[in-house]
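Common to both upcoming complexes is subunit A, partnered first by subunit B, then by subunit C.
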Partner chain A sequence: MSEFKIAQREKDAVHVLELKGYLDAHTAPALEEAFQTLLKNQRFNIVVNCKDLSYISSAGLGVFMAYIEDVRKNNGDIKLSNMSPKVFNVFDLLGFPLLYEITKEEQDAVKKFHPGK
Partner chain B sequence: MDTRTIHIESRTERLVAAREFVSAAARECGFPDDEVSKIALAVDEACTNIIKHAYRNDPTKKISVSVKNKNGGLEIVIADSGTGFDPTRIQPPDMKEYLSHYRHGGLGVYLMKSLMDKVEYKISSGRRNEVRMTKYLSR
Partner chain C sequence: MKLRPFLLLLFGLFLLTLKFALDVVMMNVSLGVAGVELFREGLTAGAFVLFSRALHISLPVHAPHSVRRLGILLASAALLLTLLLLLSVISAEGFETKELTLRPKDYATLFVSSLVGLLAGLFAVVNMRLLRDLVLQYRKRYTLRNFRVLVILMLVTAASTLVLRPLESSVVTSILYGLAIAVGVVNAFRLPWIVYLSKREKVLTLVFSFLLFILLTTLNVYLSQSTLFSYGVIYYSSALQKFVALSLLFSNIYFGMAFVSTLFHLPTAEAFDRKRSEMSSIHTLSKLVTQVFDFNELVETVTTMTLQVCEAQSCWLEILPLGDEGGSSGSRVGMPQEQIAGLKNITSQEIDDLHASGLRELRANVLVDRKPLVIDALADDPRMGRQRVASGKIASLVVVPLVSHVGPLGFLYATKSTEYGFTKDDVDVISTFADQATVAIENSRLIKKSIERERLVREMTLAQEMQRKLLPQSLPRHPHIDLDAVSTPAFEVGGDYYDFVELPGNRLGIIVGDVSGKGIPAAFYMSEVKGIFQSLSMQHVSPRDFMIQANTVLSGSIDKHSFVSLIYAILDVGTGRLTLARAGHCPMLYVGEWGTDYVRPDGMGLGLSEGALFADAIEDHAIQLYPGDVCLFYTDGITEAHLNGDEFGYERLLSVARQARGRTASDVKNDVLHSVDTFIDHGAPHDDLTLVVLRWVGPAPRL
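So, the complex of A and B:
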């Protein structure tokens, strides 16, 4: 069974989602649900830490695409961090770095929500 | 390597079995880890398309995934008996335009073509649809 887990926490008024495991068509609904809850609760400053994300398919990428517009309409953003080269390659292959800010460390992504600090 | 085949139920939780099956074959063939990952992703995308579109999430249906060494590479044939589609009608997306309009979905076929050296379809809707993908070792 492909395992996928999401841990959530707040850091400097930014909501951090930590993804772990395999994000495919089977596990993508769990991430979708997490984004739906964040939007419902008006949490629009989101960092997705991909440190322990081992795998992503287009079903997983589709979840990011599905929510980015609503998040940005509400003056927020989804930023990504700590991607392994393997996961980054999939994002890169589809040109996602043009649309999403991807940082090496989570802290850098969080700081981008507070420019000047 | 002789041809090997795995039959999986048309359910997304079985994607991991398809990925593991082709990853083992690709490693045995001599592909490095990053290429093994690309092959597994292409197969995941093909199977996901079948589950969602050809079989419309009917878990009683079956998908077969076959692998064999061919001309210094690995050939993978993924077959189903669902509703086939005409792959020539799918235009590769202009990713810049795609992203700027916040589109989503429909990236699987594009990924398969990007990740593999060759992707061919043989469609006989309702009987047997095949996607045949090849990755060469030395390219």
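So, the complex of A and C:
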């Protein structure tokens, strides 16, 4: 069975989620839970590092859609980084780059939360 | 009464009357005829053989119960004694004895002699008949033989007197007599019927056999001590006298033995009764488990039988809710309330009180140990809480867990009003019932589940049928185009969609879409998309306008998690001009004369963003089709078909499409499907899969 893991860490007041493996209808609830916890803990500056994300299905994409509104209402954002070309293509086909900031490196995404520096 | 026994009886009485007449004649005239004695004995023997035959054939097919037989015998013995006492009132002269022969002094003596002989003989017949039935019950290999030997010995002993004078005794007769008694003793050991009596019946048997013993002894003594009666019977028939005496003696021995045997069986009678009722209850229950699927009926039976078998005061079952079978959830806070069922002599309020007084905590241990919990004295058990139950109704209690292979299902409770009320046997039998109840509950749950599953399967089949009807039932026909399409859901229903619409101005709309997710939720949105397409496509000239409008409509109803990707192309069937807009969907694959490539105008999925952002992103894109050009519209079920982490991908689709020129739409469709199928090694597709192939066979555009 496809496996999916989430690693979390804080970096410069930005919460980073590292996704690994397959994100589909079966594994999406794990990411959902991670977002819920972040929102509950008032963490609204979120970067999702997709370096080891090998596949994302429409159900996986749906998770981002479900929380972006709440996060932005709290002056936060979900930014995405380090996508493989294949995963980026899935995001890109759907027009996600118009809705989310997607950067090459996690560094860049984190920096965008602190425009002053 | 049937005719045959009646006739036999009548004929027997006739023989006896004949004998009586002969006796009367002999009173007056001394008949010197040799063999007249033998003739008298013959008449008597014949009469009683007929009587016993009549009794045999008039008995009911179903033998009465053993205890009843004892009652019948007791009644007839009492009747005989009473009649003898009445007869003793008659004043008779008695017999004149001369040379060991008897001769009645008057008619009264003759009358008494005849009556006593008849009564004693009849009693002997009835007595032997009833004893035969008792002895032959639960018979073994030699039982019948032994009894026959006894009867034959009795008859031979009786017959041996025929060569003697009435009061004469002989060694042969004495030896035979002794032998008959010995065989009688052997037969008297045949008492197995006592074992199978219930306690109450055993007590009755004890009383009856005691009374019979006394009564039969009295009769025996009375018949032999009273000169009138004993000589009377001997005068009547010396053979009959021997038979009657032996029969009474055998009966006496038999009931003496029965009395002693019953006495010994009495202490174990209760245990025997219990075992028997346990056996039959378990038998009934196991039968029920396989036959009855009514849950409530089963629960009722289980508690009723538990109550009966261990004579408990109250009994009930607690069934844990479904899904709580994991076992680890036993102590979870706020766990759903278990269902109390099959209450017997207890109210749910009393059960709640019991739980509140500390039973609930103890019960949790039962789940862990999976062993019965016995509380011998509820009032001062240290394990119970301080708030003891006030009512003295419950003094001892047993809790047995119902554990199936998937985990605990519930508990079976039994209580008694006495302390130390439950023996080990009780706990064992309650455990057995609990096991049966477990099987029953599991069966009924499985059946419920399978019925539910069947219902779901039926509904899904129906849904599949309905969704298939949402897709085009036929392809649009036009001499300028060659079309083919296919759509297969990964499950029964899916979120893929394709459709065609004939628009005014000789135009044809082709739409392919994919709802995020799979299964039933996707299928619902798919049908909504169909509705939107059918209603909006006619009003909008450009695919982009349609998309913007569709996004607005869909955004109002779609869940935050979900979105829809669409690709919509409008073909001018006259000129071959194709305008398309892409809302986040897989790009169209275009196979032209000069090359094959994806056509990917900008645009985002429907339901992702309302308003301006969507409208700004989406664009119309137009291309001119030339004869032989092929366009492929598809869903990601094709490009993302995968095996062992490897995806079919856009490159493979492209290379299949490069071979498309010169082939029909149907050929191209099959090529792609075949290629995907080979790629996933003929396995089941993971996602809904849709493909629409359009080939332009119309004229080249006029330049």
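The criterion applied here is as follows: the second predicted complex is superposed on the first by the 117 of 117 C-alpha atoms of A that agree within 3 Å, B and C clash if a C-alpha of one lies under 4 Å from a C-alpha of the other, contacts with A are read in each partner's own complex, and residues count from 1 in each chain.
Everything that follows uses one rule, which is that contacts are C-beta pairs under 8 Å (C-beta built on N, C-alpha and C of every residue); 3 or more make two chains touch, one makes a residue touch a chain.
Since the model is a prediction, treat every value here as computed from it, not as a measurement.
Quick check on the superposed pair: does A:95 touch subunit B, subunit C, both, or neither? Answer first, second, both or neither.
both
Quick check for you: in the superposed arrangement, does A:26 touch first (subunit B), second (subunit C), both or neither?
Only subunit B; A:26 stays clear of subunit C.
Residues of subunit A touched: more by subunit B or subunit C?
The larger set of subunit A residues in touch belongs to B.
Can you list the residues of subunit A that meet both subunit B and subunit C?
25, 57-59, 61-62, 65-66, 69, 86, 93-96, 98-99
If we count contacts the way the header does, which residues on subunit A are in touch with subunit B in the complex?
My answer: residues 1-2, 22, 24-26, 55, 57-59, 61-62, 65-66, 68-69, 86, 89-90, 93-96, 98-99.
What part of subunit A is in contact with subunit C in the complex they form?
That would be residues 25, 54, 57-59, 61-63, 65-66, 69, 86, 93-96, 98-99 of subunit A.
Give every residue of subunit C touching subunit A within the complex, in rising order.
514-518, 560-563, 565, 583-587, 600, 602-605, 608-609, 613, 617, 636, 640, 645, 647, 687
Help me check something: in the complex, which residues belonging to subunit B touch subunit A?
12-13, 15-16, 34, 37, 41, 44-45, 48, 51-52, 95-96, 98-100, 102-105, 107-108, 110-111, 114-115
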